[in-house]
Each structure stands twice: as structure tokens, then as C-alpha cells.
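The chains carry the letters A, B, C, D and E, assigned in the order they are written, with residues numbered from 1 in each.
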Amino acid sequence: MLTVMRCEADAFLPAGKEELPALLAAGTLVWVDLESPSDQEARELLDGVFGFHRLAVDDCLNRRVDPPKADDYGEYLFCVFQGIDFLAQTESVQTTELDIFIGRSYVVSYHQRPLHGVAEVRERLQKAAPLPARGPDWLAHALVDTLVDHILPDVEDMDEQISDLEDAALERPGPELIQRMTALKRGILRLRRAIAPQRDVINRLSRGDFHHLIGAETAMYYRDVYDHLMRLEDMVESLRDLGDSVISVYLATVNNRMNEVMKSLSVVGTIFLPLTLIASVFGTNFSPTYEAWGWPGFLAMVAALFGLAIFVWWFFRLRRWL
Amino acid sequence: MLTVMRCEADAFLPAGKEELPALLAAGTLVWVDLESPSDQEARELLDGVFGFHRLAVDDCLNRRVDPPKADDYGEYLFCVFQGIDFLAQTESVQTTELDIFIGRSYVVSYHQRPLHGVAEVRERLQKAAPLPARGPDWLAHALVDTLVDHILPDVEDMDEQISDLEDAALERPGPELIQRMTALKRGILRLRRAIAPQRDVINRLSRGDFHHLIGAETAMYYRDVYDHLMRLEDMVESLRDLGDSVISVYLATVNNRMNEVMKSLSVVGTIFLPLTLIASVFGTNFSPTYEAWGWPGFLAMVAALFGLAIFVWWFFRLRRWL
Amino acid sequence: MLTVMRCEADAFLPAGKEELPALLAAGTLVWVDLESPSDQEARELLDGVFGFHRLAVDDCLNRRVDPPKADDYGEYLFCVFQGIDFLAQTESVQTTELDIFIGRSYVVSYHQRPLHGVAEVRERLQKAAPLPARGPDWLAHALVDTLVDHILPDVEDMDEQISDLEDAALERPGPELIQRMTALKRGILRLRRAIAPQRDVINRLSRGDFHHLIGAETAMYYRDVYDHLMRLEDMVESLRDLGDSVISVYLATVNNRMNEVMKSLSVVGTIFLPLTLIASVFGTNFSPTYEAWGWPGFLAMVAALFGLAIFVWWFFRLRRWL
Amino acid sequence: MLTVMRCEADAFLPAGKEELPALLAAGTLVWVDLESPSDQEARELLDGVFGFHRLAVDDCLNRRVDPPKADDYGEYLFCVFQGIDFLAQTESVQTTELDIFIGRSYVVSYHQRPLHGVAEVRERLQKAAPLPARGPDWLAHALVDTLVDHILPDVEDMDEQISDLEDAALERPGPELIQRMTALKRGILRLRRAIAPQRDVINRLSRGDFHHLIGAETAMYYRDVYDHLMRLEDMVESLRDLGDSVISVYLATVNNRMNEVMKSLSVVGTIFLPLTLIASVFGTNFSPTYEAWGWPGFLAMVAALFGLAIFVWWFFRLRRWL
Amino acid sequence: MLTVMRCEADAFLPAGKEELPALLAAGTLVWVDLESPSDQEARELLDGVFGFHRLAVDDCLNRRVDPPKADDYGEYLFCVFQGIDFLAQTESVQTTELDIFIGRSYVVSYHQRPLHGVAEVRERLQKAAPLPARGPDWLAHALVDTLVDHILPDVEDMDEQISDLEDAALERPGPELIQRMTALKRGILRLRRAIAPQRDVINRLSRGDFHHLIGAETAMYYRDVYDHLMRLEDMVESLRDLGDSVISVYLATVNNRMNEVMKSLSVVGTIFLPLTLIASVFGTNFSPTYEAWGWPGFLAMVAALFGLAIFVWWFFRLRRWL
């Protein structure tokens, strides 16, 4: 899907693809969004109309999710960002590449899957709503800001999932829990690896490395995005700690249940094996019969058995094994 | 709650909100403290009276606890700190954001929950007591210093809790201990994450990064706060080590008890299973009866059983398994 | 195998070894590839014809795989790279040293084993195909680029192997799985150790450290190789996480099966040991006989046995041990 | 205890507290040592006589052990060091703060507990022995050097303790060993945390950061102290490794003993449970009696029992379980 | 042992100790090697003849192995290196200090134990063989280079030992294996700690930090030594990984054997305990006798026992516990 919007008197109006050369020549602020376009369509626009560098275009078109970066081509800036989606069902984290070209009078964004953040900006612009149209740096900031804002609910979802897992670890521990936890942990690590380099890119945008394209006033707003990413990183670190604690609670619970069960066997075995021997001894053909000893013999034996059982039980308690 | 205090001849006197514009214009040293105000009230003051930057005001008003930082807006400095409370009951650490604006003749502090540190400074000022009123940088130092001083008792509380847990790990180990320990560990990690960035901020304040607002003499006092934070970080590291050692003592104790119990089963099993077999053999219908062998047979069998038991016992001692 | 190619009017033509001095004198762009040559042959060329420094020649000729590096000898650059092969059968990673000399009008490559990447470039040049012959820096880039491109499928192979192992860990865990996993982990670590220093070397090539031999335009393309290596490093990090998760799934599965088996013994033992004692007691010679009690006695005893068994079972369920 | 010594013609002579102002005015080299003084006495001297900065004096007087640091107050340098004592009985490490003020003609040392290092220097000076009195920087070096030299025997004591523990881990493993080991580990960590920042402080002293107070010639001697600390750090790292290895040897020994004991139960159980069943079967009232089969039946049954036992034994050996 | 060699017309000739002052005055290239000399002899030479700084001489004479370093005393350079020996018998790593003084016309080497590397250089010089005598920097390079070259076989020995241990871990795991492994691991860590700082020292020598004593041409050769140390560090890292993998293979094997043995008990117990109960029940005095039921009763009971055994077996297979 191709969206072209031009800015006129602080309002964004839709425009046609064919108007682009004229708008660019006039220096009107233009935003071009390419959502999952065909390779040919993309190449026509990026290469034909804008004349971007081969390497930048290739980075857009390849099907991989590239690591975030900011390349300065003089006339324009080429940035790679990553949109993050947490799929609660599979407990995995999916990243989508968002490529942004920031020129002197235009912003071109490219992504191979729909992105909530970009859609939200598009709608806001169509409503001609709160976004003051100060320039391409500002427009790019709006895109990156909403992209980053969409990570927070995902992190909160993950937090909730981990709390669920911790409860499950105490209530019904099982090996499938470890599998879910490792999947989640993988997601957390991927999240961290997606956030950290974006923070670096935003930091470079905010501290004036590209001052020919990013104004000082806007840089302050990029700094704000940087602070959000810092906070997200902090939260992701907390998620990691939580994840590790879930695993240790799981292991302690499983270990404890196992211990309880084994202890029951040990206690029962330690008590009943000797008793059975005693009973067996009186069951050998050498021992005097019922006829010879009668009830008193039987009761004396049972009393001895009980006495021994109570003694072992007392010994266990003494040693604090029970 | 809104507190306005103006400094006159080295004494701090309460002032009204409506006097603020005049006081600011006159350059009188003013401290404004906003404690859990309504959004409207806060915005009116921060935005209306002082005209702070939108981003700084937003950082104050959002309900999140932001990571500590110091932003220089030229005319004023915007710092974010975190007050730390250890809730002994839930063994968790709670952080409260404290935002401080340091201007040329004023200090504005903003926090959404009451803070012991701020209350203490307020009382000290009302008593016109030991705080020499040298300027806004000095006033801000007083706030930060008392904030940091209130962390120490919390760290000591945590230390005590860990000692309790270590005793419990030796006396009555159980899985709820692991849960408490992981909660405590989480608190320690949060503490560390709250202290480290504050140290960075204080370091920047102390080394003259903002010399247009922080005087050289006061910077030395910020350096002192920095040293306190260093010491706290050291103590938190010790807490982490203590926590890890509690867990290993717990695991060793549990493991040891389990081993003792299992060993009792193993020893009893190894001794009594063979004996029971022997007794059973003499209980088969093939073996000669009591009538045939009488007491001598019975006693010989019992002696053989005792002999075998003693032999196994001796074998276990030989191998140092007992 | 020795390959000499000279560039004429943007086309690469094969040339003889004896033409080299003339070509070098004329400043024609020349590529010399030495594939597993004899020591004498190599020394003749590297030392005799090109006159490279003794240390560089020694680095080529020794049989070890040296760590990647870039040494600037003024007139030429000596770079060491490592080609990577994942041998799926033995689940091990093999590295092959590729030495490249970049001069003002020539590129000399040396490797002791055939390399897919070099062979591919050779074929492309023979077809006079897409490679624009801009200079030795460009030619060297082509070699390094294809070398790095050949790492990706290996990483993907390893990813697949790890997925297989994770399935195996759940289905049929065994100690040979740990052996395979540690072999794979070793491969991953070797991969990481091969990629990281190459990234550093490429970074130095791309950022203009050797601008007298690497042009600014080509440097951009080295930057692209750098980005690929960044992505590979990211993927290798993911592999490590996956590997760790395989091991923890394995351990959880083994532990779980063991627990199940032990639990069955514990339950059966806890139920049947007391019952056997009871039966044994009624089998002693002291107890009244069948003749005395008849069927009612037998049935009462069996009922008592069943009752006790059901009680223990219920007790286990109550404690959630089953 | 207050010690004042003045240097006259390369010899150190004791002096009275009241002579201090005159000596300082004359620029005579003076050493003042305050050992566990009362707060009032200390304040009188540090504040009254020398006029040190409030923050430095506060750092001395507070009862905490502050982290090592060096603060430059222009006219004098304020350094915090930590003396280290290993208490072999409780296997814990105790640190004592040593504060040193280095002025142009004086050295003031302050410590709240007696320190071997300081006592040694005092004695050496009283004997007018080998210490050439080159200046305050040299005097301070003597203090720090002896302080650091007293750490080595402590580290060697700890090394010995760990060797003892390793032997104990092999001979008589028990949970109290883990407790002692964790105590020792805590000591090692504290040692490391005490040494590392002191190394930083000494490094700053040696590399000329304070060249107005530390001469170039003396700096070289501080460098020597730095090397000693480097070596100590190396040794402490070795201690950590040794400590970890003690724990793994302990765990392996305990695990091994447990395995041996459990194996004995498993082997005995696997052999005797089936045999007991067989004997029990022939003990049922259904089986023919002794009268019917006589000795041959009995011997045949015992032979069968032995045969089965030998078969199971052989099976265990075959599987290498024994 | 004291060796003095002077260089004349590119050949090294032995010289007497008494010639030294004259040779030094004449500026002839001289190499003095002190192998395990008496303290007096060493002091006479280092202090008396050469007049080295007290700190450097002390570093030589103390009996400790100091950490590698390079100290610039203006007229000469004082370097500390460590020769490494792997003692295969005790599986421990021994380090020997090698102190080298590099002056403008001399090299003095000092070591308290014989070193293969130094002996080799001595022999080469006596044969007047391949070493071109370019100056003291070159001579020192020869010493360091052979020293480093002697580490490689040791690392290879350790690699072999680890492979042996890995095989042993699979074939005959025992606690003595853990002890050997921890000894080896300690050796690896010591190796790493010996190599890393030497690399730093060599790096400083190679990058021109001491250009007044180390010529630019020789610096390149030091760079080559640096590369060798890099490779050694890489190999040592691999050793660490191999060591960790040996331990996890050991643990997996031990765990697996234990599991197999315990499983045998669990299966046998789960099958035979119920069967024994049944047989015991028919052995009670309540049950009808052989006379009453005869062979059919006996066979029915045995059939029931077999049926139950087969059912339990089938149940275990169903649950995949066997």
C-alpha cells in the first residue's frame, strides 16, 4: 500500500504518486509510506523518484530484519528501526523492520508488514490533528515515537504472563512450564537486543550527530524517545530477573514435592522393613506355634512391633527429619 | 499539597501561591514543593507560572517512575531522582519519583507521594535551623542529601531480613523461603538499578557540568552525596552476595536432610531385605518344622540374622557411608 | 592452484605467472589467487615477485589459523580473514584462513584449503559478469563479501540442528544428547570468536583507517559487510540462547521422568510395605489358624488391607503428591 | 592516642600537641597520628589547628568505613584507605578506615582502631631507622606501603584456610562446610572490594594527578605500591577460583557418597525383592509341604534363589552399574 | 649462573664479568643473563655495575612471581615477563618470572629458575646462528619471542589432557575426575592471567610507547609476538569451554548411571512389592491350605502373580519410563 501526503498550511492532504516529482522540486513537506509493496513498485519509487543509494534500497528490499542503524548519505539520512510485537499465544516476540529516509523536505517510510505505529500517525495526520508540521525531522520523530510507545503494552503483557507462570510454578509445576518459560526468556532476550541498538540510534539523532537534518529543537524530542527506551530497557531487565526467579521457584517446588514423596517412602520403609522381618521370623517353621503360646504370645509380638515403630518415629523427629 | 517558602535574611518564611510571580521577578530565593497535586494545579504552576518546557512537565505528570536524569534547559536544570522505600512486610522495594527544577533563584520540587526526605527539609527550614541558605543549588542539595540519607536504614533493614532468612535456612528450610528470598533479591536488584543512575546524575552535578547553576563550593557537597551513594552501592553489592549465600546454605541444608533421610532408608533396606529373605526361606513349606529342630534351630537362625546385620553395618562404616 | 587475472577495459582475463612483473610495472589491475600452493611456490611469488614483508609471508605460510587482523605496510595492506564451514555430520565448525594483500594495483589472496567464496568470485570474473572493476579495494571487497555471505547458510544449518536437538530432548533424552549439544555449543563459541574480530577488521577498513588504499566510495560497501557481520553476530547470540534452553529442557525432561519413576516406587512402597507387614503378622505361628476363623477372618483381613491402601492413596492425593 | 613527631636534620623527634602551630608556621615536616581519639579532641585538631574542610573532617569522624578515595583540597590532599584484617577464627574480613591528610609540610593520619601498619611506621621513625625523610609525600607513602604489606599475610592465611576446607570437603563433607565456605567467600569478595578502589587511588597518586603535593620521584614509589596491589588482586582472584573449586569438590563428594549408598540399596533391593517373592510363594498355604518334598525340594529352591541372585549381579556388571 | 656475551661484527662472543664496565663504556652490544644467582651477586651486578633503580632491583630479587609490566626509567626499560610451564603430572601450571632490562647498548635478563626460552637463545647466539644482531631491542625481542613460543606446546598438552578427561568422564566417571578437572581449570585460569597482561606489555612495546629504546622496525616484530599471544589467548578460551563441557558431560554421565540404577530399583520394587503382598496373604493362617485347594490353587495364584507383573511392566512402557 502506498500513501503520499503533502503538507499545506500546517494541514496534511493526500496526494498522488505522480505529483511527487513536482512536490519534491517545490520543496513541499511530503510523507511517502510504503507498506508491503512489490519489489518493482518499491524500486521504482526509492531508486527512480528519490534516487536513494543502492545499499540503502537493498537494505529495505531484502526480506531479513536488519539491526537498527542510522546511515548518513549527506542529502538524506537512512534509519532502520524495529517494530516489536509480542504474540501472547505463542509467547514469542516478532520484530518488523521500519526503514525511514529523512530528507530536507520529505520523509519516506518503508515496512514489509503493517505497523500499528505508522497507521496511528497516518490517521492522526488525516484528521489534521495535534501534530504541528514543523519539518521532516519532526514527522520522523512522530513515527519513531509511536513505534516506541507501542512496545510498552507488549512488555506489560509479558510481565503478566510471567506472573501467571510464577503462580503455575507453585501450584502445578510441570516440564511444559520450563518450555513456556524458555520461550518467554527467548522473547525477553530478543526484546533487549531490539531495544538496545535503537536506543543508540536515537541517541545519535538526539545529540546532534546529524544536525544538518535534525534541528536542535526536535533533537530534544528525540531525547524524550531515548528516555522512554531507557525505561523500557529497565523494565526488560526486571522481566529477566522475574523470569529467573520463576525458574528457581519452579525448581524449588518440584524439588520439595519430590523430597516429600521420597521422605514418605524412607519413613515407611525404615519403619516397616524391620517390623516385617520380625513378623517373618515368627512365621518361620522354627518358631513355636499358636497352640503353644496362644493369644498372649500374639499380643506380646504386636506390642513389640508397635514399640519399635514408635521408637523409629521418635528417632526421626529427634533428628528433625520429619 | 503545595508549599511555598521564600528566603529573607537567611530565614525561610511561608508564602502564598499568588505571591510567586512577584517573588520570582524580584529574584528572591523561593522553594515550591508540590506534593501529590492534581494535574490541573501542577500544570497551572509548572507551565503557567514558571513556564517550564513541555517535555519536563510531561515527565513530572505521567504516573510512571522515570529513570533518574538531569536535563539542562539553560535557564533551569530539570533533575529526576528516586526516593526508595523498603516495605519490610512484603519484602519489596518501592520507588517514588522526585522531580527537581533548579533555577537561578528558585527550586521547584514535585512528587506524587509524600517523601520523608522532603518533609524533613521542610521542617528544618520552618525551624529556620542549621541550613545556611546559600542559593537554589544549596537548597536542592539539601533535598537530595536527605533523600539519599533515607536509603541507608532501608538497606540495613534488608540486611537484617537476610540474616533472618539465613538462620531460617539452617533451622526450618522450606520452599516459601525461596519465594521470600527471590522477592528480596528482586528488591536488591531494584535498589541497585535505582542507585546507580542517581550516582551518575549526582556525579554530573558535582563535576561542574552545570556550573552556570551549581556553584563550585556546592559542587563539593554534591561530591559528598556521590560518596554516600558509592558506599550504598557497595553495601547493596554485599547484600547480593549475602542473598546468594542464603540460597546456597538453603540448598545445602535441604540436600543434607534429604540425604540423611534417604541414607536411613538405604541402610535399613540393605540390612533388612536380605534378612527378610532368609526368614522367608525358613518360612517356606519346604523347610523343616519347629517340631523337628526346636529352640536350637530358632536361636541359630536368629544368630545368623544378627551376624549378617552386623556384617553389613561394618561394611557401611568401612566405606565411610555412615 | 595459482590463478592470475588481469583487468583490461573492465573485463578480467586470465594471465600467466610470468607476465606478472610486467603487469605490476604497468599498474594494470591484477588478481593473484594462491590456493593450497607448495611453500616454495608461495614464497617465490609472495617474497620474490611482490616482495612482501617477512612477517606477513610467515603468517600466510604457517599451518595455523591466525586470528583476523589488518596490518598496514604502507605500500600494501595485509588482512587475515577466516572462512567458516559448519560440518553438519560432526556438528563442528571449521575455520580456514584467507590472507589478502591489497596493493595499489593488485590483490593477492592466499588460502590453504579451497574456499567457496573465492571460487564464486573467480567464476563471476571469468564470466566478466556483474562486478564493476573499480580497483583493488573493490576486488578485495568482493572476496570478503562472498566469504561473509557463505557464513549465513551455516548459521541456519546450526539453527536447524538445535531445533532437532530440542525435539529430541523432549522425546528421547539421553546422555549422547548432551555430548552433541556441547559439540554444537563449542561450534557456536568458535563462530562467535571468528566473527567478532572480523567485524573489527572490516570496521577499520570501512571507517577510513586505510584511506590511502581503500577509497571512500568502497568504504561504504565495507560498511555494508560490517552490517551483515553485525546481523550474524546477533543470530549467533540467539543460537547460544537456544542452546542453553535445549540443555534446560533436557534437564527438566530427564528430571521429570526420573521423578515419575521414583514417585511410582514411593507410592507403591508406602502402600504395600505396611500391608505386607499386616499379612506377615497373620502369617506368624502365633496367630489363630484358618480352621479357627475360616472365611470370615480371611475376608475381614483382606478388607482391612484394602481399607489401608485406599487411605494412603487418599492421603497422597490430599497432599497433592500424585 | 595522639602522636606528634617533627623532623629535624633527618631524624624524627616526638613533639607536643601545643608545639604544632609553631611547627606548621615554620614549615617543619610534622606527622600527627590520631588513633581512636574522642570526637572533641579530633575536631579540635583537624578543624581548629589544621582548619581542614568540614566534609573531610566529617568523613573521618563518622563511624562508617568509607570507600577509598582521594580528594584534592588545593592546600592539602585528603585520602581514605582501608586497613584489612582477616580474623581466622570467624573466617571474616574486617576493614579499618585510615584517613591521611597530605599537606605541604605535614601528614595527618586518623584511624578509629589501632593499625599494625601505622604502629610499625611509628616504631621505625622512633628508631630514626631506614626511612629517609624526604617530605610529606614520602611519609604518606611509608604509611600506605606498610598498610598494603600487611594485607599479604592475611591473603596467605585465607589461602591456607581454603586448602584445609578442600581437604575437609574430601574427607568429611557436611553442611557446616558450606557455611564456612560462604563466610570465606564473603571475606574474599570484601577483600576484592577493598583492594580495587585503593588501587585506583594509588594509581592517581602515582601518575601525577596531584603533582603539586606528590613529587615525581615519590610517585615512582607509589607505582610500586600499585604493583603490589595488582599482585594482591591477582591472588584474590585465585582465591575465588579456589573457593569455587572447593564447593564443586564438596558437591561431587557428597553426591558420590549419596550415589554409593543409594546404589547399595538399589542393588540389594533389585536382588532381594524378587527372591523374597519366590520364598513367599513357597510359603503360601497352597504350596506342597516339607513332608511331601523334603530336603531335595528345599535345596532346589535355595539353588534357584542363588541362581537368580547371581544372574541379577551379572546383569548389573554387564551394564557397568557396579 | 652468569652469562655475558658481547657482539662483535655481528657475532656473539662470550665475555667475562670483569670486562663489563669497559664494554658498557665503549657502547658495545652486550647481553648479561643472570640465572638463579645469589642475592649478593645479583645486587653487585644490577646495582653496582649497571646502577639500576632500587625498585626495579627489588622486583627482581623478591621471591614472588610479579605480574607482567613495563616500567620506563628513561635510560633503560624494565620489563617483567612470565615463563609458563605446564607440569603434566600434577596438572598444574607453574610460572617463572623473567626480568629484562633494555638499555641503549645492553640487555640484562634475570630469572630465578632455568628457562627453556632463554637457554635456546643462548645456544643460538653461541652458534652465531640466524639472529641478526641489530640492537638491544632486537635481542630482547628474541628472548620474549622464544619465551612465548614455549607456551604453545604447553597449551597443546593441556588440550590433550582435557580430551583424556572427556573420554574418562564417559567411560569411568568418579570424583577424582572432578578434582583433576578443577586442577586443570585452575591451570587454565592461571594461564589466562599470565598471558593477558603480557599481551598488554608487548602491545605497549610494539606501538611505540618506548620509541627511544625500541626502534620502529623492531616494533613490528613485537607486533608479531602480540599476534601470537592473541592466538594463545584464543586457544586458552577454547580450553575453558572444553573444560566446562567435560564437567557437564561428567555430570550427565553420573546422573544417567544413577538414574539407570534407581530406575531398576523402582521397576523391581513397583512390580515385586505388590506380588509379595499377594503371596503373603495366601501365607496367612486364615487362607485355605494346600490340602484344600491343591495344585490348581497354586497354579492360579502364580498365574495371577505373572499377570500383575506383566500389567505393571506394560504400564511402565506405556508411560515411556523404560
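The rule is short, and it goes like this: contacts are C-beta pairs under 8 Å (C-beta built on N, C-alpha and C of every residue); 3 or more make two chains touch, one makes a residue touch a chain.
On a predicted model such as this, the values are computed, not experimentally measured, just so you know.
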Intersection of contact partners for subunit D and subunit E: none
Inter-chain centre distance, subunit A versus subunit C - centres from mean C-alpha coordinates, in Å: 25
CA centroid of subunit A to CA centroid of subunit E, Å: 41
Numbers and ranges of subunit E residues touching at least 2 other chains: 262, 265, 269, 273, 276, 280, 283, 285, 287-290
Category of the chain touch graph - line, ring, star, complete, other: ring
Order of the ring members, counted from subunit A so that subunit B is second: A, B, D, E, C
Subunit A-facing residues of subunit C, complex: 170, 220-221, 223-224, 227, 230-231, 234, 237-238, 241-242, 245, 248-249, 252-253, 255-256, 259, 262-263, 265-267, 269-270, 273-274, 276-277, 280-281, 283-289, 316, 319-321
Residue ranges of subunit A touching subunit C (in the complex, touch as defined): 53, 55, 58-59, 64, 66-67, 69, 71, 174-175, 178-179, 182, 185-186, 189-190, 193, 247, 254, 257-258, 260-262, 264-265, 268-269, 272-273, 275-276, 279-280, 282-283, 287-290, 293-294, 297-298, 301-302, 305
